[in-house]
Amino acid sequence: MKEINSNQSQKLLEMRKISKSFPGVLALDNVDFDLNAGEVHALVGENGAGKSTLMKILSGAHQADIGMIRMEGRTLKIHNPRIAQDSGISTIYQEFNLIPHLSIASNIFLGHEPKQFAGFISKKIMTKETINILAELGLSINPDILVRNLNVAQQQMVEVAKALIYHAKILIMDEPTSALTTAEIETLFATIRSIQLKGVGIIYISHRLEELFQIANRVTVLRDGKSVGVFKISEVNKKDLIRLMADRDLKEYYPRIRSKVGKTILKVSHLNRGNYLKEISFHLKQGEVLGIAGLLGAGRTELAQAIFGVNQIETGKIFVKNSPADIISPRKAIKAGIGFLTEDRKHSGLVLKMSVKDNISLPNLDKLSKYGFLKRKDLKNISLKFIEEFRIKTPGINQKVMNLSGGNQQKVVLSKWIARNLDILIFDEPTRGIDVASKVEIYNLMNQLTAQGVGIIMISSELPEILGMSDRILVMHDGKITAEFDANNVDQETLLAKALGEVA
Amino acid sequence: MIPKALIHHGRQLGTFLGLIFLCLILWILTPYFLTVSNLLNILEQSSINATIAVGMTFVIITAGIDLSVGSILAFSGVVLASTLQAGVPLPVALLAGMLTGTLCGLLNGALISIGRLPPFIVTLGMMSIARGAALVYTNGRPISGFEQSFRWIATGKIFYIPMPLIVMFIVYFIAHIVLTRTKFGQYAYAMGGNEEATYLSGVNVRFHKTMVYALCGLTSAFAAILLTARLNSAQPIAGIMYELDAIAATVIGGTSLMGGEGTLVGTLIGALIMGVLRNGLNILGVSSFLQQIIIGTVIIIAVLLDTIMKKQKR
Amino acid sequence: MKKILIFLGAIFILFMGCNRENDRTNDSEKIRIALVLKTLNSPFFIDLKSGAEQAAKQLNVELIVQAPEREIDVEKQMQIIENLIQTRVDAICVSPSGSKELIPAMAKANQANIPVLIVDTRIDENIANSEGVTTTTFIGSDNYQGGKIAGEYVAKLSQGEMNVVILEGIPGHETGDNRLRGFKESIEKFPNIHVVASQPANWERDQGYNVMQNLLQAHPDIDAVFACNDLMALGAMEAIIAGGKSEKIKIIGFDAVEEARNEITTGNLEASVAQHPAEMGRLAIENAVKVLNGEKIPTFIPVKIELITRQTSEENLR
């Protein structure tokens, strides 16, 4: 009789003594990581801790300098993503790898299309298999629908289906819930559990520590490129994790210090824009943080864009400091004293190719130039000032921002707006994708700003953040403002309910 | 430790070394290459393409492209020539030529930035329109024969330096200052690097983009002045395919077609590389057919090296 | 990266070092004559080149032939001449792409004491004189005469009303202008011959095709086509055959290159005015050598011109 015992005690995945360095930085230092079949193993750590590098090594995008990877007992040399995929390792990234103008079926089978004789793609087989795999995930969508017509949650399911089609044994999920509603998250978790039953091992990367306690079996914490602990999820709590991640006892996770509230600096009345904004009216006072809560699609970013002049409103008025403002472009908005930190800093907040100095000065060049000529000394000094004040980690003012970490990039974005001394700042997801330490710094900055009398509108999808940092909270649903609360007098469930559109 | 200057200007240094390497090879292959008169010859011959490439560099830095520069050159040239022959004083005639080029460029810019049309298509259309305008304006015939005062722009010398060189260097000097030390230049880089982020930072993207194309039209007009003075004739069919040489010089010089990076120093070196190559191949007696293959190959190698070096940096 | 470049460079240099034919160390060797043509993409100039090459071989002189890719690239031709001056050729024979535009380049040749012989297309004498530019001689056909011969032939062909279309060369080229003038003036005397269209096709075959095709649309009753060179005539011929009108329309070209002669024999082309490009080339080199030896040569060396038709070619074959 053949011994099959060894198979059962064999781990699905073992990564041993993985080290990797890039020019100037040791990204991973002797890291061990393992995964059992049918397990959800969470991987947490601040940005820059090494999570994504570790996963990139596993998925073939990078090669480790030192170390060994074993899958089901066999040593693997993962030289490129194709080998990883063929070995059964699939990754679902935060920004999906889908082709918007192709159908669900085409996306799922991209690169692996089932072929008939003479090399023609068999659409029939593709469609049938797509329906099958979607059904396994509990979905019954028409496989011919174009991916761009799906919502985020559905697209994510397509990504999962893609992985399953390749008979993935290991599924890496990177921040899978960041763009999902609570209901969608539940569906995702149900899907994950069903995949677990098939023996698939899932590596789950997330900043949302609360979720881990719902879905993960074990958790590994990385800090500064090293593994600082592997635990069963029942052995730890959120505070423990935070402490391990940051090596700091962050007493005030949300250190909001309320400032004295002054006069009304922004008043919006009866704003309408198609289906996106319906009869929006609210006001903002000096020194106040106004949080705007709501689910994806509620219209929060559209509201910000309307106030900032990116999209034209159809009806309604905006008053800045009690005088009407005709805001038809970002330029006009800035002139009126409004600044906008966008949701996606890489896409619309920064010019990645340009330096820290040039990014900070970009909205301020008219003040930093004379007769069209740049005042280079002033440019330099302003940049140095903000690097110091905000503790931006960069080798110098001429470093290209694309080389900075997420948190530092966000600080550059902040600097460029603060340099302008605006009265009103709109923050859209200000701490998304940022490590814990930087998050706290940004919150402290918000405190400083409001102490100076700046009014802040903060849009966030993280309810704890909204509750922790706002003074007042508006909830939006389906383009309307459905509720207003004082942050001290409301809890997460009520906010969630209002965001979901519940009336009571 | 690598000096800071080397990091900043590494790309240009590389291109410069390429130019030196080329000159070295030619020096070994023929004694006629490295003489003062031949080198001046090369600089003079490169001046027209180099001048057009100044505007092209700005345009490509904004992640755009301008295919109409050759046609704008022709149109500006014939307007210039006809006003000269009409007896108008020289400065006015020059202004007329420059105005023609600038207006064509403005039209390009407006359609691209306000009309939101792709630069490739707009300038492709302008390429045809300006060429047609030149042909209609002159009925297809060249306009020739000008006063010495005008011809001096191409044939004159100041301290033994040929005028086209002086004009070229002045254009480059001014353009370099604009690109590196003014708001306008910064905005060009920013728009090319990320137009949306630039717009959301409150920059008037429409205006600045339009102006960049107007600038390109202006430099084409400058080149028209040089060419017309040099040939003593303005032909409506002048400048055909000149856009390719201008783009080649810009790209060899390190400007990325994706936008957001590039330098005028690099472009100048790129234009010189093309000029040296053509001159050298002529002197070596290489057939014009083979010349085309060689020049095309050099362009591809230059861009290939650039891509490889960029990948290594990461 | 740099190391690789240096290594490749060293190899290249070594390789090239073994191959230095173009190196001239002293002046007492062969005479070097440059022949700068409008283009090498045309049978006419290829014939001219071979005539020159034969003469060069016989006279034991070195011949350097250069040309831009297209006849319209005047600036390129100027650069070629400037670069050749740098290599200190002994004489330059040039067929100028621009009758006025190349004069500055010739001025530079004058300054370098390099004699300039003009072949095939004249330069503008007025401008040359006012600029103080001298050329040794013009070797070529009388293009005006050629146009006249073509016109007279068309007149002979006409019976009653006749609609004629002209395909012109690049405007401003002395060659084309003179051929055109010769043709037009000779048929002016015949009131039954109407020129219904006269358009440039820039000496190029594909443009000849396109322009002819368009003209066929606009003028359904064309009887004859005069193209100022054979390439345009051949292009027009193909358009006419494609349009099914080859029986009706008679085509007369200019240059009488080999392909044209073949088409005349088969009947697709009616006639062509023969220049003798090979003869031009030969005469150019021979006279250049004479000038360099101190002999005096005439300022105009005509090369005969004649009309080739099916009859005359058949006569030649006998």
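Chains: A, B and C, in written order; residue numbering restarts at 1 for each.
The rule is short, and it goes like this: a residue touches a chain if its C-beta (ideal position, glycine included) is under 8 Å from a C-beta of that chain, and two chains touch if they have at least 3 such contacts.
Here the structure is a predicted model, which is why all the values come from computation and not from measurement.
J.: Counting C-beta pairs in contact, which chain pair has more, A-B or B-C?
T.: B-C
J.: Report the chain closest to the protein's overall CA mean, measuring from each chain's own CA mean.
T.: Here the chain at the core of the arrangement is B.
J.: For chain A and chain C, what's the span in angstrom between their mean Cα positions?
T.: Whole-Å distance between the two chain centres: 70.
J.: Find the geometric centre of each of chain A and chain B from their Cα atoms only, then give the gap between the two centres in Å, rounded to an integer.
T.: 44
J.: Go ahead and note the Å separation of the Cα centroids belonging to chain B and chain C.
T.: Chain centroid spacing, chain B to chain C, equals 32 Å.
J.: Please name which positions on chain B make contact with chain A in the complex.
T.: Spelled out, the residues of chain B in touch with chain A are 8, 181-184, 186-187, 189-190, 193-194, 196-204, 260-261.
J.: Mind listing the chain C positions that touch chain B in their complex?
T.: Residues 1, 5, 9, 12-13, 16-17, 20, 22-24, 40, 64, 66-70, 72-75, 78-80, 82-84, 86-88, 98, 100-101, 103-104, 124, 127, 170-172, 200, 202 of chain C touch chain B in their complex.
J.: Quick one: in the complex, what on chain A touches chain B?
T.: 308, 310, 330-331, 333-335, 340, 342, 347-354, 358, 361-363, 365-366, 369, 372-374, 376, 398, 416
J.: Once bound in the complex, which stretches of chain B touch chain C?
T.: Within the complex, chain B touches chain C at residues 17, 21, 24-25, 28-32, 35, 37-38, 41, 44-45, 48, 139-142, 144-145, 154-155, 227, 230-233, 235, 237-238, 240, 278-279, 282-285, 287-289, 292, 305, 308-309, 312.
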